[in-house]
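What follows is a single structure, written as structure tokens, with notes after it.
Per-chain residue numbering starts at 1, and chain names A, B, C, D, E and F are given in the order in which the chains are listed.
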Amino acid sequence: MLHTINKSPFEKNSLDTCLRLAKSGSEILLLEDGVYAAIKGTAVEPKMRQALSDYTVYALGPDLKARGIEEDRLIDGIEVVGYDGFVDLAANSDRVQSWL
Amino acid sequence: MLHTINKSPFEKNSLDTCLRLAKSGSEILLLEDGVYAAIKGTAVEPKMRQALSDYTVYALGPDLKARGIEEDRLIDGIEVVGYDGFVDLAANSDRVQSWL
Amino acid sequence: MGNGAKKFMYVNRRAPYGTIYALEGLEVVLIGAAFDQDVCMAFVDDGVFQLKKGQDTNESNMKNFSPTYRALGDYDVNKLYVEKESLEQRGMSEDDLLELTYEDEEDDYKEKPSIRIVNKEELADLMEQQDVILNY
Amino acid sequence: MGNGAKKFMYVNRRAPYGTIYALEGLEVVLIGAAFDQDVCMAFVDDGVFQLKKGQDTNESNMKNFSPTYRALGDYDVNKLYVEKESLEQRGMSEDDLLELTYEDEEDDYKEKPSIRIVNKEELADLMEQQDVILNY
Amino acid sequence: MKFGILVNEGPYQHQASDTAFNFTKAALDKGHDIVRVFFYHDGVNNGTRLTTPPQDDRNLVNQWSELAKEHELDLVVCVAAAQRRGIVDEDEAKRHGKNADNIAEGFHISGLGQLIEMGIKADRVMAFGD
Amino acid sequence: MKFGILVNEGPYQHQASDTAFNFTKAALDKGHDIVRVFFYHDGVNNGTRLTTPPQDDRNLVNQWSELAKEHELDLVVCVAAAQRRGIVDEDEAKRHGKNADNIAEGFHISGLGQLIEMGIKADRVMAFGD
């Protein structure tokens, strides 16, 4: 199952709720302002490192670039995908939950 | 100085930022979904009790009623005002900051 | 419910009135009831506030759509899952919620409660069983 | 600046691109510069991300308004307060931010930095000195 | 006392327009002046006459129009924000080659300078939004 | 694979419409089918032809109209949400006594049932919003 998060983890509770309710083994895609959760050295990094042991985490490349986040700033283990990769993730999961 | 908060403290960081940046002695008005911060027994009650020692805290009555929050559910010390009281608070403060 | 029925879950995460998502989300559920699918609703985070008893919008001049939840049972929408953890964080219990019921046709039309309190693990399992999940 | 000038503070608390508040907030500041008031900007919470270097919107097809911040100095908007606590929470330092400067007419047009890192107490004091505070 | 009112969200989606309206009405009832109501961001969507909300709900656009008429309020829709979102009056329609306009009674389109001017003239600026 | 696309926010204010558009385009490029694009909540504001964004910015309404033309997409604006927010076509204008309409090319107004039907027909429903 694919979960998408488009909110900043510093501003809203979407990431927390997703991590509380997504089953182990799920995929999580960070997009729009949600990509800020992918940065190393932030107050949410510990939460994300924990998440990486339960989930596969992706971040949308075009949204990282728009916000000036270079790939070397990302937490190890987070994969970057484009819109085509986003489509593949959605197609290959059984269902999608957008935590709007 | 009057600070207004219209966001749920469970969903967004507006209350936290307000409490970090409002100077002691300020007035804080909770309105719209911000009124949920006024309820007793929630996860944010400790934060609000602490806030009540530094600030005067108000909640907008019509917004409490719309959401079915009876006055006996409010944390002690929070005052309920109507739209007319909101106008008075704004008029009697030197400036207003809406934490949108 | 036909054999080809899909499982729809409507996830409600927002408080009522501050935004319109709760009201317009409810409109989707009511319309959707006519399509003979397997429908349930989940109330998570501030979504649990939608079911709070005693809403009165007279002084704020908005439309009070709280009574509409009572109609859900008549539309065969009778699985309303409320997350326990979200309730507790907000200092609420089942007593704070609307009493919503439906008549169970398979059990001599007995009146039964529509609201079911579930914990996060139960809700996670339910989500994995859905075909379509819409989040408001 | 006239004697009757008011002190305006524009508080930026949102990230760029996810919502339009940052872009349209910046448009207010640029228009406002013509009114000869005492203007400053504060960057708090996700607002600090507005000043991140290296923004490139080609692949997302939105308008990159990041270069516009460089124009602020020419409009005499040269007090950009960035909250230290917000930067730190986001794993950022001054090196991550755009290098924004202005020419100080009162000091032989020397080029000086517009961005000033302030802590929460300093920012709270600054807010208390304003006449108008607009939050985006 | 002179209040300036800033509305940053459209009708219905957020409570902002309702709260701004209720505040404005209460301020007028108390004898305060409203320098201007400025609609910015999605707030410009309060200024379309093409809405038809359900009969049992409030009509926010009409409420603003009627309050403006009663109290001679200056309801200003920001031109730049309006262009992005499709709120146009007759002049704007002509300028941009549009074959219709949708501005509601009592609203008019003007520049962002009107927001700054409101900040200068008002004793307090009240912002309502998301 | 068949995708259904749900857009819950208007253009510009949130990135939702951009992301939905980029996703839809990428899905089409990969040979997937788009059952429908359904515009709900403030998403209905994507369907007005009266916008004129700045020249150096993308025109979201036109982007949708053009993509719809190229791929025969079904762009549906929810009628109930549209009535609240002032998006009307010729029929709706007539029905509600409005002297103008503002629907953009390629969009049409229909009921919420189209959203449910999209959920039934699509293999995946993708929601984009705030």
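In the analysis below, contacts are C-beta pairs under 8 Å (C-beta built on N, C-alpha and C of every residue); 3 or more make two chains touch, one makes a residue touch a chain.
None of the values given here were measured: they were computed from a predicted structure.
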item	value
Shortest walk length in steps over touching chains, subunit B through to subunit D	1
Steps in the shortest chain-to-chain touch route ending at subunit D and beginning at subunit C	2
Farthest chain (mean CA position) relative to subunit F	B
Subunit D and subunit E, separation of their C-alpha mean positions in angstrom	27
Inter-centroid spacing, subunit F versus subunit D (mean Cα positions, whole Å)	35
Distance from subunit B to subunit A - Cα centre to Cα centre, in angstrom	33
Residue list for subunit E, restricted to those that touch at least two other chains	12-13, 15, 22, 41, 54, 80, 125, 127, 130
Two or more partner chains touched - positions in subunit B	6, 10-11, 13, 32-33, 62, 82, 95-96, 98, 100
Residues within subunit D bordering two or more other chains	17-20, 45, 60, 62, 131-133, 135
Chains touching one another, given as label pairs in label order	A-B, A-C, A-D, A-F, B-C, B-D, B-E, C-E, C-F, D-E, D-F, E-F
Residues of subunit E defined as touching subunit C within the complex	12-15, 18, 21-22, 54, 56-58, 130
Residue numbers on subunit D that touch subunit B, as the complex places them	11, 13, 44-45, 85, 120, 123-125, 127-128, 130-133, 135-136
Contact set on subunit A toward subunit B in their complex	10-13
Residues on subunit B engaged by subunit D in the complex (per definition of touch)	1, 13, 17, 20-23, 95-100
Contact set on subunit B toward subunit E in their complex	6, 31-33, 62, 82-84, 86-88, 90-91, 93, 95-96, 98, 100
